[in-house]
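Take a look at these structures.
Across the two complexes that follow, chain A remains constant while its partner is chain B and subsequently chain C.
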Partner chain A sequence: MNVWSFSLDLLSSAVTYALLALAVVLAWRTSRVLMFCVGEIGMTSAYVMNGIARAAGGGVWGFALGVAGALVVAALIGWLLFALLRQLSAAGDYFVGTVVTIAVSIFLTGLMSSVWSGETVQLPLPHPMLAWGGVTFSAVSACIVVIGAALIGVLLFAFYQSRAGIELQAVAGNWTLAVLSGIPAARWFAAVWIVASMLSAVGGIFSGVISAVSISGAAVGFSGIVAAIMGGLTSPAGALAGAFALALGENLTSLWFDARYSVAVPVVLLVLLLALRPAGLSGRVEHISRS
Partner chain B sequence: MLKEQIAATLLGLARIAAVAAATVSMAQAAQAAEAPYKLGYLVDASGQQSTTLKPTFDAFQLYIAQLNRAGGVNGRQVQIVTRDIQSDTQRSLNAVEQLRSESVSAVLGLGATNTHAPVYAAAQKLGLPVLASNPINIPIVLPPVKPYAFGLGQELSLAGIIGGHFAHRLRPQGKTIACVAFEVPGSILSCNKILEQAKAEGYQRGELYTVPISQRDFRAVVDRIVSLNPDVVADCIGREHLAALLPVLAASAYSGIFLSMDTGIGDKTLIDAVPANSKLQVYSFTRFVTHGDGAGSQASALRTALAAAHMPDDDASYAGGWALGLVVTDALRRCQGACGPDALRAALENVDIDSGGLTGARLTFTPNDHYGPSAWRLYRYDAAGKSLSAVGGWQRIASDGKLTP
Partner chain C sequence: MSSLQSGALEPHTRTIFPRGAVQPALLAVAIAALGAPFALGGYGLYIASSGGVMALGAMALTVLSGSAGLPSLGTAAFMAIGAFSAGILATQWGLGMLPALLLALVLGFAAGAGVALLTLRVSGLYLAVGTLALQHVVQIVATDLDLKFTYASGFMLESPHIAGLAIDTPAKWWGMTIVLLLGVYVLFRSLQRGHVGREWALLRMEPTAAATLGVSPVRARLTVFALTSAVIAASGAIDGYRLGNVQATGYSLHLAIMYLTVVALGGAGGLVGAVVASYAIVVLPDAIAAVLATLGIDATTRLAGIDNMLLGALLVCALLDLPARARRVILRPGAASAARREP
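Showing the complex of A and B:
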């Protein structure tokens, strides 16, 4: 077995899960809504990308146009989610918000079924193998790792270092106080949902590139949600760790044991986590004592 | 005198009543004779297996529409009562109950194989014959007969034997074969049969790779296949699995034979999944003709109907759906009286028709065999021409699994 190639494939899976997990974390931190529709947004965007790329005649420009179109559609879905949730958040019921994301996932599944007939399609991309230093590896995996890592890096930088990110954290921490401090909370709220949907779109396209685009491919969103939960739901770094642990567990299980047991990996990891670190990988337990 | 007049009057009235009753009865009989034959059809039209199962239904509908335009069967139209069961077992069972209450004479189609056994059991209780169509059937349709269970698709254990035989035909000196199945009993059974048959014909090692139904990333599985380096990689997986597996396998270091069982996969999925510069030798096998193959009256009629409906001739399931129409027509033609479920079951047990080029064997059911002998064909994929062409003749197999020349 080619260890380097396997490791690169593993990393590309981890990056895909991480993008979806980051979308879930962003939504949770700002809205306390569990974004159930990440996989469906991802696959819908991948279908859109495929359609535009083929209509544009393929090639680099067709692909770029397809990605741009997919991101625009994802942004629209994100804005729609924001609009729906803004109305509902006035009632202060976060659970209803989660139900809205479930409803959106059902709607998008129906949309994929009616518009694209649930067809299984290959994205118009070659799958060449590259050789470097005597090691052969998949160019697709390498591209996913590089592009995904760059996106995650930019996102983390923006979240932790930029003024926008700090304001966003303030909104997530205390909405009312943030508004009183002059932070445009509603605008940031909308931005978060749009960015979360666009991250889902990129995750979905990556998943489509690795395998194929299909309705059932939306199940990849489940891996993103599990990774986010493993990370404690509020921590981007925790989500990254969760995504890596999940990809590692699934790939090693498929390689050394039997691929059929790989579906048990998320469940086993979640059970272990609940038993050992109920607050998630990045969670901290605070002990308060009075004297 | 008065008594005689009363008696005569009563007799006259009785005659009038008798004539009236006979007239009503004849009218009812005539109405019954003109009423359409009602058949139920269970199809996954919007579930996750719809891309696999609906093409058969689409072609069957084309056939029935053409049949009805030509006057139907025995002067009666054929009405298909369809239920979208989304390959869900409970939906399927509910649909069978509903169809029985709507007085259908038989149930056709069926969803994914996980729904088959419960549907057969429920239909048997209700006394309804079930004729499972292409692409996949379970061994329940094979002898010894179960009274209400018929099959006209690709029975998975027989498909496995054929697959193992074709693997040996393609690589007679081969020693190792791998088979990729997804985690449902029918798929695993079929792959095990492929490995078993290949070993029976000289292979020394067979490796089964089972993946979860939700599996879309096949890279780790392909790593294991590359490590094994088999002479042939066979499969019994769904359309989406093949679309995910084949590009990864084609890009890997493996350069042997890939043998695809056409379980409703369709030519387009296979063709799209193989890169232009692939070093894989890709083959597919199926019970029904596809991609312009097959010469005969029914194959021509199917192609004409597909062209008129602006549907491409790129799926063996279309031939499967058309063949289902032929079988149903033949059974209805000989179905007695009002053609209730038992009469239609008896008629189905005597179907013996020429498929008109749709497959390599007659379509035959008997009271002792509700599946009949079948014939299967191997196709080779030409990456340059992006087309499939038949390799050799039809391989026949009896419903007991014996390969015949």
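Showing the complex of A and C:
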């Protein structure tokens, strides 16, 4: 394995984790609910994409149609989460909201097992190798890195540079004051859950492209959650750093030891984090402000 | 019931029955328990024991997350600790159920205290994430042990012997389950009602007041975590013997979520509720199969998936208190909005 293809593999898994972690951060920043079901939403969407793409006869258009269908399904799940979680705002118990997302995750697991029998499927994609300047690398991995990086760039821009970042923070900080200031809080709340679900869908499809689509593939969500916690749950940039560190740890473990041990990397990182720096690597709550 | 943590200071003191009805209710339960071997067939008794063994762990979890307000996703991990102790002791050293129970209690106690120590600095959600980490650690270790000792076919356990008596029929299992249920119920009930339970409740509701009164949060958290984990691990060992086979795949996060559903359905801190909800969850797959069969649908291969979907839906219903909402809307339209206006 050469350095280039190793870096590309590393980046493609980092981008996948980053998308899932950003979904978790987005949800947490707005509603203080830990979005537990990112992996399950991702895998359900990947199954939907696979089904539609195959039904449409494959090819570029079939693939595009599949992705569109998967995003629609993810948006529906996001709206469902919003509809469930808005019932909770009065109770004020954040853990209950998290358990609601856990319930949704087990529901989706059941859905995948009863609709698709939980089979492992390969997405109908060619895996060509490209050669450029004497270096060969996987075209699919390169595509994932480029598309993922573009998506992350747009999200970071929205977070840090547009009104959305500040208004979302206002909604999370004080719902009543936000509404009184004319911020459409409920609409933002719905938008956040829908966007977070669609991000999970993209993460799940990436993960399906890199390895395969299966129920156990939903475990990729755990890596996303750990990456978000490493970033302190409130910081998009921190989540990116967490995702990169996690991907680096996993890839180095596979390279030097055994791919079997790479599943332990997020667990070990999580345990260390909880014992030593529970508030995340930066150890602070990130606020966005502009004067 | 709407939440795992919120509620009155001592939610478990709520009475389900009116005061005068407690003794007849107890009598009815006793008659049902003693009459079960005669009324139910082998399969019925098997289900009755499964529900009872599940209720052992569920009572411990409802004390941990309801009474003490410490949410945990580690139930399956603690059960795996107990079950694997039983499996390894039986297949490698030829030891029976009682040594396995003792080892499970000790290991569960130590693991619970360890998790509590590791997560002393965090609370609420982060605590749940910490127990989730334990679940993943145990899953990895259990899979390795399973592979190493049994080539992933699982530890086979024979019928246990207690004081020379073999527990080898569904009726005997049922008898043992009743004794264990009573023991665990009395243990947790006395803890909840006594000094210790009031400390937990105070720490959950008013941490500052508790600190002022000299209640040590560290000691209380260590105690409740270690104690409930020991009971859950022991129930895992018993469950392993009941199943006759212990496999790593049986102790997934799914099992932990099942216990969480039981606790949410039974009401935070409610021991009787936990027992009733355990039976509801254990009967669920058979109930679905029966309903589908009467509808003429053959869904044997998809049953597990449908069971999971229903479990998720049940958990959401219990958390959001949907039955109570529906009742309010149907019986008294406008009552919900009126209640909101009142302080």
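The definition used in the following text is that the second predicted complex is superposed on the first by the 276 of 291 C-alpha atoms of A that agree within 3 Å, B and C clash if a C-alpha of one lies under 4 Å from a C-alpha of the other, contacts with A are read in each partner's own complex, and residues count from 1 in each chain.
We take it that contacts are C-beta pairs under 8 Å (C-beta built on N, C-alpha and C of every residue); 3 or more make two chains touch, one makes a residue touch a chain.
Treat the numbers as computed from the prediction; the structure is a model and nothing was measured.
Following the overlay on chain A, a clash is recorded for the pair chain B and chain C.
Touch criterion met: A:6 reaches chain B, while chain C stays clear of it. Once chain A of one complex is fitted onto chain A of the other, the partner contacts of A:212 are limited to chain B, with no touch recorded for chain C. In the superposition on chain A, contact is made by A:251 with chain B only, not with chain C. Legend: residue contacts after superposition of the two complexes on their common chain; A:150 is shown touching neither chain B nor chain C. Using the contact criterion defined above for the overlaid structures, shared-chain residue A:103 touches chain C, although it does not reach chain B. In the superposed pair of complexes, A:138 makes contact with chain B only, with no contact to chain C.
In the superposition on chain A, contact is made by A:263 with both chain B and chain C.
Using the contact criterion defined above for the overlaid structures, shared-chain residue A:117 touches chain B and also reaches chain C. According to the touch criterion, the shared surface of chain A, contacted by chain B in one complex and chain C in the other, consists of residues 113, 117-118, 263. Across the complex, chain A is touched by residues 2-6, 71, 73, 118-119, 121-122, 124-126, 128-130, 132-133, 136-137, 140, 254, 257, 260-261, 264, 299, 301-302, 304-313, 315-316, 319-320, 340 of chain C. For chain A in complex with chain B, the residues that touch the partner chain are 1-2, 5-6, 9, 13, 113, 117-122, 126-129, 136, 138, 141, 207, 210-212, 214-217, 219-220, 250-251, 254-255, 258-260, 262-263. The part of chain A that touches chain C in the complex is made up of residues 34, 84, 87-88, 90-96, 98-100, 102-115, 117-118, 222, 225, 229, 263-264, 266-267, 270-271, 274-275, 278.
Touching chain A in their complex are the following residues of chain B: 46, 48, 50-51, 183, 209-212, 214-221, 223-224, 226-227, 239-240, 243-244, 247-248, 250-253, 269, 272-273, 275.
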